[in-house]
Every structure is written in structure tokens, then in C-alpha cells.
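Notes for the one structure printed next.
By written order: A, B, C and D. Residues from 1 in each chain.
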Amino acid sequence: MTAGLEVGTSVVHEAPRSRKIPTKYLLASGAAGIVLLSLLRVITGANDIDSAGIVNAALIGAVPIGLAALGGLWSERAGVVNIGLEGMMILGTWGAAWAGIKWGPWMGLVGGIVAGLLGAAIHALATVGFGVDHIVSGVALNVIAPGATSYLATRTFTGMQGGGPTQSPTIDSLPTLSVPGVDGLKDLEAHHWFLASDLAGLIRGLLTDLSIVTIFAILLVIGSWWVLWRTPFGLRLRSCGESPVAAETLGVNVYLYKVYGVLASGALAGLAGAFLAQVAANAYREGQTGNRGYIGLAAMIFGNWRPGGLAGGSLLFGYTDAARLRNAGSNIHAMILLAAVLLIVVGLWQLLRKHRTVQGVIALVVGGGALLMYLFTDTISSELAGTTPYLVTLLVMALASQRLRMPAADGKIYRRGEGQ
Amino acid sequence: MPDTDVAVELHGITKRFPGVVANKDIEIVVRRGTVHAIVGENGAGKSTLMKILYGVQKPDEGSITVNGQQQSFSSPTDAIKAGIGMVFQHFMLADNFTVLENVVLGAEQLHGIGGAARQEIERISSAYGLGVRPGDLVADLGVGARQRVEILKVLYRGAKILILDEPTAVLVPQEVDELFDNLAGLKAEGLTVIFISHKLDEVLKVADEITVIRRGTTVQTVEPKGVTARQLAELMVGSELPTPQTEESTVTDRVALQVKDASLGSATGPKVLDHIDLTIHAGEVLGIAGVEGNGQAELVEIIMGMRDASSGVITFGDTDITEWHTREIREAGIGYIPEDRHRHGLLLDAPLWENRILGHQTEEPNIKGFLIDGKDAKADTQRIVEQYDVRTPSIFVTAGSLSGGNQQKLIIGREMSHSPKVLVAAHPTRGVDVGAQAAIWDHIREARREGLGVLLISADLDELIGLSDTIRVILRGRLSDEFDPDTVTAEQLGAAMTGADTKEEQA
Amino acid sequence: GSDSDTGDGGTTAPGGSTGTGSGSGSAALKVGLAYDVGGRGDQSFNDSAAKGLDKAKTELGVTSKESEASNGEPESAREERLTSLINGGYTTIVAVGFAYAPAVGKVAKANPDVKFAIIDDASDASKGDNVMQITFAENEGSYLVGAAAALKTKKAHLGFIGGVETPLIKKFEAGYIAGAKKVKPNTKIDVTYLTQPPDFGGFGDPAKGKTAADGQFQGGADIVYHAAGGSGAGVFNAAKAAGAGHWAIGVDSDQALTAAPAVRPQILTSMIKNVNVGVFEFIKDVKNGSFKAGNRTFDLKSGGVSISMTDGHINDIKGQLDQLRDQIISGAIKVPVKP
Amino acid sequence: MKTRFDPRRLALGAAAPVLALLVAVLITSLILLATGDPVGDVWKQMLKAPKPGQFTDMINSATVLYFSAIAVAIGFKMNLFNIGVDGQYRVAAFAAAAVGGQALLPGPLNILLILVVAMAAGAFWAGIAAWLKYSRGVSEVISTIMLNAIATGVVAWLLAKVAADQAEGSNEIGTKELPESSRVGGIKLLSGTNKEVYGLIVLAILVGFLYWFVINRTRFGFDLRATGRSESAAVASGVDVKRMVLTSMLLSGAVAGLVGLPLLLGENYNYGTDFQAGLGFSGIAIALIGRNNAVGIGLGALLWAYLEKQAVTLPIATDVDDSIVKIIQGVMVLAVVIAYEVVRRVGQRIEQQQVTKQLAAQDAQPVAAEGAKA
């Protein structure tokens, strides 16, 4: 087993190579998105769908996923597929709690990172050292990590005040920041005016009580972009993901940079775990990560192996999850309308412009169904609401996947001197 | 007596690979400011030797002396430090990187990876007339341009000793001449060039000295004026050199395969295939010449049904096979010798007998109903091994453990065993040494005599001229008119292959 | 204060065999306790059971062995767990959680002279002459906290957060809603479940708990009741973040005493489900030879469930609550078990 | 892959798993030592021979795991990573239970119906991922992970819709119980226990055989393996890889659909909130340990079940937390794959050397040039 099948993804090779989308388009689409949301809010009266609260929640939900995704980016840009993120994240939750309780919250972050690094070291040894298939090694790691974590937790937390085999005592929390003055927007938001209130909510959600770690996370996204695309180190690391053999012949120590990539990925996943344990919960809890590692991987992929993209992906997931957790009844219900409209638009476009009858009809039918669902129900069952984030992810993947391009040598096993 | 005008001295170099002695007691002295050619048949050990000199592989024995100093390179970094640069036989470029990124990679300390580096590249590019644009994405470049990027990579690192491993393999004569002009320029600058090639006339043209390697050992070092191409060849092979000879034409007027007005669009820019029309008659060998990347691969793929042409019709005999799937096409009797045997022709870690089944999973003797008939398949593999002289200890070893030539012979045998009516052969003798080459040519000729129609795609003009009944040139997805192999010269073909002198745009 | 927090209990490692040889030396009863997933220290009903056991250890001088279920284990594993406890000589067995129902049923038949108790199940699956089925009227307790919440809310808007959407948790929801509607029929109640079975992460994901509670508080609710085990910690944090005038209601144990100190002030009250009482009673009966098989429901009447008055946040409405309690006990009020 | 009649190679093959087990034991012991747990006691407990009753349970767990691992292996054989077996078998088990509970057909026929529904449902759920890859090129790793989560929601929703009234005093909800007539009785395998082996073990063995046969003896199997070994070569040889993705994913899903059936037909008799979850992931690990080989997977499943069995008693007997067993399992998986990788390399090298030696032996002279090329 190696990098998995290329079927379907092969389409990519022909896909236009215009990797850079001009910022003005990004901004424009962003603005359009906000207008769309506020329209939706006014129409459906689901005032929560772009409230400060949901934005804030989306951010908090996005941070661990985003950090995991960023971890994925580092390792896959170095050519090592990493589905062990989940495991590294789990180790991170324990490491953060243990160190956090022992030496205080700041050391907690360090603890999480170190724990993640340990997991990464295993993955690096297996994939880079022994040339084991990357996914296989990742799967194995995802078996070891929970076991090791729960074993360590049992050994360390039982007997502590308020701790037990499955949970740690509370960890002192890390500071949070708010941009002064922004809270004033509260009233404006409360009016529920078209656009104005929406913007107010957005800004307030983004600029009030941010955890320090959230800010780190944002800096890390930007920093990762800078390091990977603007420094010699980054160039070398990426070259190991694109063409390790070429890199080798230019004197790049491919093994070394692959290991760097995997370790960085572990550190970030560990930090994600630390965030869950310290910021989202201020305690370690068995099973706390809830597959966020896998979600991070998905976010990275439909972020097209780029920092900006994966941040968007994580936010999308964080948002949908927040939406259903906060008030599935109205939020998700409102989104159904949105989905219906979008699907119908896409369907018509496919039919009339692209003359793709099948796709067009499918989209139209599904869209129509969604529309009916919206009209004839006024809430949504909690069971189904829970699937929203995953459905959305799947949908986006289905729409976007063919424009994605993974690093050319991603997942391929590399042995020194066996190139060509 | 190693004095200072010796750039490189290789002494007693020996390199063993698992079971192979690639180099044995190699002795070479390269004088500074000269072009030193190394010739030898495939697998003679040239690339290995150069990889050793460049620190990619470590020699088991022997010493390397550069500019009078004994060196032991543990990685290319050391070699680069010592002023050595290498352009590999198989390009070493990251397609998804820009030229800039490819060039500065590993040499960031020189001029960073930003504006300064860009300027330096542009300077070198214009200084040697390489015409390379730092911003381009390598994936968008043609072969010639890539070649020049590779050279630029080396110059950028300030190498004083350049190794070029079969740089001309993928170039057309005109491009070759340009390359040689560049080399002359480099030489004038006092640089030393080590130049590897099969093409002896070229070697004789540029080299100041020529070292011949046979089966891993240095046979002799000669001066170009002292020898003829034929003498060199005999030194290389150690025997008489076979040249392809077409005997009397066997072309019938029965159409075997016809492609009508086939085009293949690509999401990016120009068509990959542009209104292709070709006809192959039974008993005819239609040779397609062209610079790699001008649509040959795609032409083969649409014929073999691995891709759907965006328009056009393909008929086999008188049945329309345009919509057919690869398997049906193969079953119908179109044999296929792929360009890249390792990727398309073989399962490297499967035994030979399973590789004999590959491509004919639905045909006798490989199957009984919906089951695989291991027994018969093995028997037939044994037959192929003997009949086609595949050098292997048994049919149970993995294909990957055979040499390229033997791998190729297995593939030829496999395809011939199903008595195809049409054979699509892409570079059937690439990377195959002279002995095997001759054998493969004979097999093709024999089949041709029995009414086989052959589509022969090759970069080796001699092979084309020698085997084909008709030659056409493909350029930017378009087919030229027919050339008569008996009258056409390599230069004429070369001109057609590059569309006269406007080759830049083909990138 | 043995009824204080999980910490005291925590001092025994799971399975830690602690022979507090106090008093009844040789005749010391050997109790085997099999937890549901989460085990001791889950700040939920497992912990509560542990508390009962610890009480029995100190007051009845029993020795014990504890063992904990793991996620997605096969049915046979639960049987195995009980059996090996018995083989270890622990002939008084407590199975915590309805997941053990079939296992208890089978193993009890195979070991007629061993005494069993199962928590939260009264089905035929676990019936037996040597089985005490301990169930609780969570709906009744939830009814009271619901009423308390409705009386306390300033916005006639409440919230409920269930960990995993199982019938048992829905029982909490049903009682809560009924109680609230009883005192303020026009009360709006948001209901959120964190996960769906078989994904039991909802009992251990404080992050989800907080997001959900934030949503309900910001959506206008000012009191949120959680039946979400460990995720409750997130709910408390949300209440704290929402600021003064926003409350959370605890569950299972008196969380104003067990939760993280920082959030305790936000806890209006707790619906106490005295699993510890059930466990202790069972062990006592066995020790005194007064064991009776069959279902025993711990409800308001028997004090098996109750509403906590700690910190006196709801002292002012104690009168009304007592009334309701008496009506339930007297049967005048029938509390639904399904929403 | 394998050279015929080559004892050295066989020895190498056997070396891998043994090596792996030793490594696993070693590492685990180190962890135990580091944390100050009683190493000796742990291994004494872990290595205790299971009693007949335990052995029966072990075989039963192994049966269930076997289906799961085979489902995964079908994908693995062609580099397709079906991480979604977990979701597939839960959807399938639910559907089968819901339909079977209706008792539309008399006893045995109903069992047949249950089998068909289960396989169909499993295939359908896998089919979604297959279609996404086939037509949209969505990585199956991602889509199947998403589908696992979606399965949870959808099944919970449907369960709430069709759930039979929960039994008096019970806190479980589930589908209607299967009628007595459409349950599959157990097989009395060992004396000394009244426990019985799932009747569906027969089906498991059958599936195992079919798996081996289809993969190794049929044209389809050849195409499948060819695709796994070299997609590009398979395409050139006329394999329609996209179709293969579809077919093998559907097959994988169909087998995944069987995972829940031994439990449904031989243990729970309905699908409810208490139905065993997470079997899909163990399946992945076991497929890896068994190297996608029908027999190897069987042994892997037994080993896995054995460890899980011992895990239950471990904390009771030794006061050591049972999560140590998870560590053992994980380390073992990793050790196995590493060991096999190393062994594969060594094997390759040896073969290359042999080839040249034998060629050199065949004839020293002109052939040497060719021989040198090996």
C-alpha cells in the first residue's frame, strides 16, 4: 500500500493551474457572503445565524480543528500524510492537563506540544525512518495514543482533588483579550437591522474575549504561511513534498526536513489538544477530542493544502457545528433554505450554461427537496442536526475536490539514493 | 602525475549494487577547461559513475581527486562545495515549483530566495543565452527549456565542473547545436564539462577527449580526431554494431488502423492533439518523430482508449473503436509497448508469469472462464522467456529484479504472443542495450512481414529511419506530411520537429 | 464529609483493593463494583456510586474491588467483568448502569448465591431472585429543579442540555419541562443534545457543553439545566461567562460542592440522584442479611432523588417546591417519563 | 510477489510477526517498568490460558472482527482505504434489524432477507463514498470518516422513528426483536461451558474463503491486485480503475454489512442503543496485522479478541489499568507493519542478488552485460 489511488484526482492534472485567487475576489466573495447571511437572517428570522455569539463559538470551534489542519499542512507539505493527527491531539490533551496542573497553564501549553511531539516522533520513525505506508502508521498511532493517554491519565489523575481515571482536576485558565470599545456594538446588534447589525455581530464576535491561544492560532496560520512560502527553510521543506529526489540532488537532507515537517505537525496537533483541555474545557476529559483530528485533515484537504484555505475550512466546520449546538431548531433550519437556494442556482447553472443534464437535475431535485423541507417543517430533529457539519464538509469536498492539488510526492515513500 | 590543470581524477572507482558491479576500477583524468565525453552502452555504468562523482552514491573503492585535492563526498552538498554540478539523465525538477524556486533550492545562502536571486538568474540566463524566465512554472516548460533550467541550476551554484548525463537524449538537432554553443561558451569561461552520450557523432563534434566505458570498466581514452564513430561504437560494444535495415516494403493497401480528425483539448491553452489524421496499413510501419511532449503520449493514449479524444474517429480495420475501452481494444488485437515500462508495462513486484498475464487478463492462455489459469500462463511465460531470450533464472522472480532490457523483451514477447494486427510501440528500445535492441528490431520486422501494422514512436531518429515505411513528425499536437525514410535526413526531420526556429513557443 | 467531593474517593485507584479492616474483621463483606464507561471520577453517577461504596467501606468495613467498562466493548466483556469479580471472591456485586442489564441477568442465574444490584435498570433482562434492581425517579427530581428554574427565571426562558440522547436522559428532560410548565406554562425551554448514541462523547466533551450553553444563554435563557455528565463543566463555564443573573443547574451529585470552585457560585441548585444511597442501602441490606430481590425505586418519597438547597439560592421558593414535592409523593402530580 | 520454493523467503515471512510480537511485549514492559506497575503479574495475567467459556467468547468476538477486517482488506488490496466500515456496519445492522423485526417472511427466509438487507445497506453506505471518489475524486479517507459521523445521526434518527416501545423498566430503546424463528442458534464447540459459538461463524469462514478465492484465483481478483500494485500499469493493461473503485468499495461495504449480524442474529436479536460500536476501527488494525491475507486476518482477529478478553480481567487481577492492552495492540500493529516493511526490503535485495548470481552462473560470457543490468 502506498499513497492510495489517484483515480479521479487525476482530473487535477488538467485543471487550470491558476493557484492564486486575487485578494479582491476573496474580499468580494466575503462581502457577498455577509450580505447573503444577513438576507437569510432577515428572511428566516433566525437571528442567531450571524450573532456575535455564534461567530465567537465558531472561532472557538475552529481553533482546534484549524491547528490540527495546520499540523496536517506541515507534514503533508513535507510529503508525509498524517492521519495520526487525532492521536497526537489526544496525547496533547493529557500533556496539557498534566503539565498545566503541575506547573500552571502556560506550561500546560508546552506540555500539550511536547506530548504531541512524542506522537509525531513515532510517526516520523515509522514513515521516514522505516518507510512504512503513511496511512498505516497513522492508523496505528490512532490506536496507541488513546490507550497510552488513558493509561497515563489513570496513573496521574486518580487521587488528585476532583480528578479520576477519565478526567483531570481543573486547570487554571489562560487569559483572554477583548478589543476595548467593541462591546458597544452590542446594542446595534440587538436592533437586528439589515447588514448593520450583522456586521456589528461579526466584529464583536471576532474581537471580544478571545483566548490568548486563539490569537496564537491565528498567528500560527500566518506564520506557517510565511515560513513555508517565504523562507529557505520552507522552500526546502516543500521541495520534499513536491520532488524529494530533486531536492536530494541539490544537497537537501530530505529525511531531516520530512522529520521537521512531521514534528511540527505533532506540535501543532498537541497544541490543538492543549486548547481543548485548557481553553475549551479547563480540564482533561477522556474522548475530549471527538475526532477533531480527522476533521482537521478534511479541513486541510479542502483548504487545498494552503494555510488560508484550511483556516476557511476550519471556520466553516466550526460555524456549522456551533450553529447546530447553539440552536439547531432555527439555525440549521435557516441553513436548509440557504442550501436549497444555492443548490437550485447551481442546478440551473449546470443545466443552462454547462449543459450537464444529470448533475443539473440532481442538484435541482435535491434543492427542491430541501426547499420543501424548509417550507413544511419549522425545526429540525436534533439527531439529524448533529450531522450538519459532516454533511457540509462532504458537500464542499464534492464540489471542490477536483480543483484541489496535493503536493506531488505526498504520501509517496522516499528512500535516499533510490530515486529516478 | 596529477598537476593543477587536472580538474577531476577518478582512480580505481568500484561500485557494487545488490548483485551488480556497476563500476569496476574506473580510471579517468579530466583536464580543466575541456569537454570530456564519456560513452558506453546502456547500463555500462556511466550514470552511476557520475552519481558517485556528484556524491549521490558512495563508491565502494577508489579515490576521487578534484583540483588536486583528494575528496570523499558523502552527499551532493560536498560535491557542490567542491565546485561540481550535475545535470541528470532524468530531469530533477519539481513541476509545481517556479523556475526560481527550482534554481535556488539548496543554494538559498547565495542570493536568498527573493529579488536578488531573481536578478542573478536573469543575469546568468542572458549571459549564456539560456532564455529562462524565473517566474515560469516548470510544469509549463518544454523539454528544451527544462534542460536549460537544469544547466542554469548548476551555473547558479558557481560550478566550475559540469556533468551532463545524456543531455541530448531528448533534444532535436537544432536544440543540440544550441546546447553545444552553450558548452563552447562555458569552456571559454574556463569551465570543465563532463559529457555523457550514446550519440557518437555528437561526441566527436564537441569532445576534446573521449573515455569509453564497457560493462563498468574504462576501456580506453581517445582523442576525437583519432577515431571514427564506428571505431568508438566497437570499443563501446566490443563487437560489430548492428544498424537497422528495412528490407523490401511489405506495405499492403489493407487499412489496419485509421485515426480521423482526432483532437484532444486541454483545460490550459492550446490543444494537445490537433486534428490528427493518420492511416496505418497492414504490413506498414508508421514512424512518428517529435520532441517529447508534443502529443505523442496523448496520441497513444487515445488510440489505446486510456483517454477519450474530444473529437474524431478511430477505426480498427473497418470497426469504429472510438468509444471502446482499453480492454476491448487490446482484445480486438492492438498490442501495446508502453513508453515507460516501469509505470505502464509491468508490475515490478509481481512475478514474471503474472506480468505475462497483465494486459491480457481476458485472453487465452491466461484464463479459464472467469478464473486465472496459472498453469497455462506459467507454461507460456516459460515459452516467451526462451523464445525472446529474456535473461532470468526463473519465471517466479519479480519483474523489478530484471534489467530494463530484459524487462522490455518480456513485454515484447507478451504482446507478440497474442498475434496483434496492430502494434503501438512507444520507444521500444529506449534504455535497452545494443544486443537487445537488435533483437527487438528483428521481432518488429518479422511481425511486419506477417502483415502487422505498427505505429512506432521514437526519439531515436536512426531507429525511425531504419524501421519505418513512412515517417511523420508531430509538433504541438499536429502531424506533418509524410517523409520518405529512404531520402530524409536527420536534419530535415529535426527542422520539422522544431517548426524551423520558432521552438520557444512550444513550451 | 464523606458526601463532599470525588477527591476523597479518588484516593483509591480503580480496582484498588482497600481493606479498611475497621471492626467486623474476618466477616468483612467483599464488594465488587463494576462501573459504566467513565468510571470513578466522572463527576457523574459513577462517582456517586463510588461515594456509596466509600461510605460502606468506612461505616460497614467492607472491602472492595472496582472495575470499569470501556467504550464499544462486547456484551461478553461485561459478563466477564462480573464473573471475574465473583471469581475474585467478591460475592456482593454492584453493576452501575443499564448497559449491564443482560450481563447481570445471565451471571446472576449462573451464581445464585451471589447478591447483585444493578443501577438504572428494572427490566426483565436483569431480573433474578438474587438481583436488586435500583432505579431512580430522575423525572421527579428534574420536575422540582424545573419548577425552581421557572420560579427563578426573569425571562421565562430556560435551557436543557442532555449529554447523549438516550431514553434515560430524556427522562430528565421530560420532568424538567413538566415542572417548569407547571409553575409558568408560558416558559420557553431550549433543548440541546450534544451527541447521539452510540457516540457517547456527549458525556465527556465540555467544549460542546459550553458552546451549547452559550447558545442558550445568548439566545435569552437565563437558567440552564444539564444532564450531560462531564460536559456539564462546560455548561458551568458558560453560566459564569454569561455573568450575573445567569445560572446553571447541576445533576447527579450536589455540584455546588463538587464542581470546580470557580464556577460553584453559578450553580443555582442540583438535581441530586443518590446513587450512593442506593449502593449503600444495598450493601447494608446484604450485610445485615435483609437483602430483598426485585426492583426498588428511589424517588422523592424515599429520598433517592432530591433537590439541593446548598448556598441557599432557592431558599426563597422552598415553600412552593415543598408543596410540589408533597403533591408528587402523594401522587397528585404524575410526572411524565417521556418528553 | 513470492518466489516459489524459497525457504529463506518463507523464514523471512514468519520472522515478521514474531519480531513484531516481541517488540510489542518489550515496549509495553518498558512502559510498565517506567510507571512502576508489576510487569511480571501483568504478563502472567495476559498469558493465562482462557477457560472454555472465555475461549468461546473469544471466538465470537473474533468472528465479528473477522468480517470487519475482511471488509477493510478488500479495499486495502487495491490501495483503497475504507475507514468507513464502522458506519457501514451500523447502518446495515440497523436496517437488517428493522426489516427483520417485521418478520415479513417465515423464519429461515427471514434470515436470508436479513442477510440481503444488511449487505445491501452496507454496500449502499459505502457506495456513497465510492460514488464521490468515482465521479468527484473525493478522497475516500475523508468521505468515509464523514460518513461514519453521518451514519450515527441518521441511524439515531431512524431508530427514534421506528423504535419499538422500550421494555418495561429498561433504559434501552431498540428495534423490534427478531422472532424466535429467525434467529441463528449457536454451536456448542467446547465442553465445560454452556456458552455457544455464533452460528454465523460458518458464514465468516465462507466469506474468508470467498475472499481468498476471488482475490487470488479470479480475473477480477487479478485486476484488483494489479491496481493495488501499480495503478498506472493496471490502467494500461485495460483495467477500468474507476469501475474497480466502485466495485470493490461496494463489495467492501457489503461485507461490512455482515459485521453486525452475528450480534443481531445470535446475541441481541435487535438493534438498539446498546448495540456494539467501534468494530470498524479494530477491523482496520486487524487487516494490517493479517497483511490482508484471509488466514492472517483470522489469526489477527483471534489475537485481537484474546487481548481484549484478557484486558477485562487485568485490572481485577493486577490493579493495572486495562488501557495498557490498547497500548500493546497499537504497538503491535506498528511493529508488524514495520517488520514486514523491513523484511520486504531484505527479501527484494536477496532476490536481486540471487538473480544476478544465477544469471552469472548460467553463462559467464556475453550475457554478463545483460546480467549486469539486473
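As a working rule, a contact is a pair of C-beta atoms (placed from the backbone, for glycine too) under 8 Å apart; a residue touches a chain by one contact, two chains touch by 3 or more.
From a predicted model like this one, the values you see are computed outputs, not experimental measurements.
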| item | value |
| --- | --- |
| Pair with more cross-chain C-beta pairs in contact, given B-D and C-D | B-D |
| Label of the chain whose CA centroid is most distant from the centroid of chain C | B |
| Distance between chain centroids, defined by C-alpha means - chain B, chain D (Å) | 44 |
| Distance between chain centroids, defined by C-alpha means - chain C, chain D (Å) | 37 |
| Separation of mean Cα positions, chain C and chain B [Å, integer] | 75 |
| Chain centre separation in whole Å, for chain D relative to chain A (CA means) | 29 |
| Two or more partner chains touched - positions in chain A | 154, 165, 383, 386 |
| Multi-chain contact sites of chain D, meaning residues that touch two or more partners | 149, 152-153, 156-157, 321, 323 |
| In chain B, residues with contacts to at least two other chains | none |
| Those chain pairs that satisfy the touch definition | A-B, A-C, A-D, B-D, C-D |
| Chain D to chain A touching residues, read off their complex | 31, 35, 76, 78-81, 132-143, 145-147, 149-150, 152-154, 156-157, 160, 227-228, 231, 241-242, 245, 281, 284-285, 288, 321, 323-327, 329-331, 333-334, 337-338, 341-342, 345 |
| Contact footprint of chain B on chain D as seen in their complex | 1-4, 217-223, 225-226, 229-230, 232-233, 235-240, 348-349, 351-359, 362, 366-374 |
| Residue numbers on chain C that touch chain A, as the complex places them | 5-7, 10-11, 13-14, 38-43, 47, 68, 71, 165, 190-196, 200-201, 204-208, 210-212, 214-216, 218-219, 230, 233-234, 237, 241, 258, 260-262 |
| Contact set on chain A toward chain B in their complex | 14-17, 230-232, 235-236, 238-239, 242-243, 245-253, 405, 407-408, 417, 420 |
| Interface residues, chain C side, partner chain D - complex | 13-17, 65, 67-68, 70-77, 79-81, 84-85, 88, 98-99, 101, 120-125, 133, 135, 165-168, 195-199, 295 |
